[in-house]
């Protein structure tokens, strides 16, 4: 009996301790494959980027170590600020547009509307096309002579003569952003829809009994419940679209003049047209820190436990 | 207006808006189709024709005879399935670990997942190429799979973390008291419950990989190893853009995905329900 | 003992098998080509390679098709990764870069002088950087003006000899053919995109105005005329053509491919381009056979023409340089050059092939003339940056509301900065 109680006493005392260590270790074991494989694949390329940003190099015949000269030159050039500003406009337009469209459609699809399974499938379709296809399709639709866009707008009397949407400095960036929204909203919609369906119906019912309006329910029930999924979506989308290259490249190659010259296009041209890999890498490192800062700010202001 | 009438009005307004939103998707897709069956002449005739006068299915024939799209589809399928399977396995482990345990480095790990996505991919091309070459993986399925999991694992892990968070932890504790090992709890008790979430993550990883262009462009030089987006990219020659062929291919390769989604979607949406939102 | 002899036998036979394998093993030549993915170019190129393989069973040609748009990105990445193919497409624009990157072998070491003497001297000159022959010329695409002879004849016009005549012809041929109140035919298919195709065409207008985008002065220093009066005049001509509505809408969206489609679909009367475009136009619209004639780039204060040489380099790192040389020598035969010309419209780089009757008549008249007066492209590794400045300048004038004088001034300053930075 004494022995027994002693044993059980020891057990209760030691269990939390052992349990804690085990939990620590077990957690590490579970994340190990992901952490290791990413380290193997991503660590070298990342470090390599930081490393070559300190050189003036074409990576083959020229390797001149220049400390931070690339960074100094970038920060003192007026073009750079212009590019960052264009990139920010592009990112804000793309992320906000996809967010508004995605969330609105998710809200609508979350109601008991007939045919919603069909709507859901149709509305997901843009996400299924490769970027290069989306870009070319829209380029073809924007075409001032053969494009669908002008044709529809002419029929609707919105415009009186064919317009070159991608060829005017005023409309090029909005046109590119529209394309990107079309391509990117379905993912946001899916994630939001999932989030919405997880909110228990009871919360809404009791709010309705209390006489809350739709807007109040949205503000005080829907949004707070979606906070985490919204934050993840915003961070990931910002990270992706800030450094986006493909669609803009196919649509405008940064033109006309430099109206859509986002920073990735600058990096591409610096690296693969001018072969100044050091400077291109420095630009990439700067993008890395800007994106890092933005996601930090999101976490700061939107909160969230992760 | 009675409550029922109000409800009916509400529903029809929602229906109308969804209908309008759908036309923004359907019209471009129909335009793709219309372009794909046009002859060169009609494609460049003014005013433009919404419905071609002569319907030509030649483009749908050419994509199999003039270009090796059969092979490209096979390549894409192998590479993307491989990358999806690996990232599913690795990310469910990671998601479960980060969901169930509080350990040193957990936050660092979650941040690291995001950090891997922050460097512009254009500047990753050269080091990736060097890495793949060192391991003899240029022009291999394995090389592309490795490149693809570098961007599928991070988001897949975050998604799986959300799904696991939504499965009550009491289940684990109960099993733990019954003496089940950590691995058994994960594999036999929690994992079956997370299957719908796993399916959603799979669709995500699959589509992202299916659409990837720039890594496939650089890491495959052999014609026999190219993927669908590369094949489509080659239709945009320097000298002409084969609009009809390109539209035909794009539609053909998107059909399987759409059908897949059509079948999976009910399952998906209710499964996404389980996860994504961490309470 | 027995075991030992078995081992000896085994190792001997392994040795035999491997050495046997290596003697019969074929040399695989990897050829990275941008034309192999094009149609109809690819078919001809493949047929030539097949003929070569039939004649040389010990060599196998393996093509790596890469679209021109992605060419130099893939090439550079492979070079840095140490995976260059044995042979790769090269052009006059890229030869200085290739030399700077050290990726191309000096072909003077692979081919003898007599063989190289068979090419147009300017073609060899274009391929030569710092005394090294970077690529073997395979074809030339001299630049001139392609025009619709039928429409010109109808309007009582002759092929434009000066820029004034050019603008006048564009004016006369910009029409509303179906009388719906909107023009559906334009005088000039201007390529206004900010890429190589756009830069290249504007360069010829610029040079005809007596200004050079980049050249070495008497002291051997790089100079640029992008801020000069000639640049202002060139920009003014573009602006006039655009503002008067003589080019189809969306000029900054009109790349080379779009311009070819405009010509092929009876939408435009003239295009500044090379003979390869004839093949591209006829491939889309065979009815135009014989209707497309050529004249040299119109006269400003100066004649402007370039050879537009394209060809193949042998990688500096290749282990199969001899085999590569054999293939290239086979490729550039007179017979192959003529076949290449017949199908693709590109002109031969060899004098003997260029003198055949196939390369004559009104279709080629302008280009044959252009070859005589062509001047080489500048060979500086930073040339693409200068081109970029030029592109921004003409786009600023076309759609940015900037005056030619202001755009030229800005371009001059930026070009000078690039030159200073490079030195």
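Observations on the structure shown:
By written order: A, B and C. Residues from 1 in each chain.
By our rule, a contact is a pair of C-beta atoms (placed from the backbone, for glycine too) under 8 Å apart; a residue touches a chain by one contact, two chains touch by 3 or more.
This is a predicted model, so every value here is computed, not measured.
Put simply, the chain farthest from chain A by mean CA position is C.
By number of C-beta pairs in contact, A-B leads when B-C and A-B are compared.
Each chain gets a centre from the mean of its Cα atoms; for chain B and chain C, those two points are 38 Å apart. Chain centres here are Cα averages; for chain A and chain B they lie 15 Å apart.
Shared interface positions of chain A, i.e. residues touching 2 or more other chains, are given as 59, 145, 272. Among the residues of chain B, those in touch with two or more other chains are 44, 46, 126, 130, 233, 236, 241. Counting only residues that touch two or more partner chains, chain C has 73, 80, 262, 267. The touching residues of chain A, counted against chain B in their complex, run 22-31, 33-35, 37-38, 41-42, 44-46, 48-49, 59, 105, 108-109, 111-117, 119-133, 136-138, 140-141, 145-148, 151, 182, 187, 190-191, 193-195, 197-199, 225-226, 228-229, 232, 235-236, 239-240, 243, 245-246, 263-264, 267-268, 271-272, 277, 280-281, 283-285, 287-288, 291-292, 295, 305-306. Within the complex formed with chain A, the residues of chain B that make contact are 10-11, 14-15, 17-18, 21-22, 24-29, 31-32, 35, 43-44, 46-48, 89-91, 93-94, 96-98, 100-107, 109-110, 112-124, 126-128, 130-131, 146-147, 149-150, 153-155, 157-158, 161-162, 166, 182, 186, 200, 204, 207, 210-211, 213-214, 228-229, 232-233, 236, 241, 243, 246-247, 250, 254, 257-258, 261-262, 265-266, 268-279. Contacts from chain C toward chain B in the complex involve residues 30, 32, 34, 37-39, 41, 63-70, 73-74, 77-78, 80-83, 85, 184, 256-257, 260-262, 264-265, 267, 276, 280, 283-285. Only residues 58-61, 139, 142-145, 161-164, 166-169, 253-258, 269, 272-275 of chain A touch chain C when the two sit together in their complex. Within the complex formed with chain C, the chain B residues making contact are 40-41, 44-46, 66, 125-126, 129-130, 132-133, 138, 217-218, 221-223, 233-234, 236-241.
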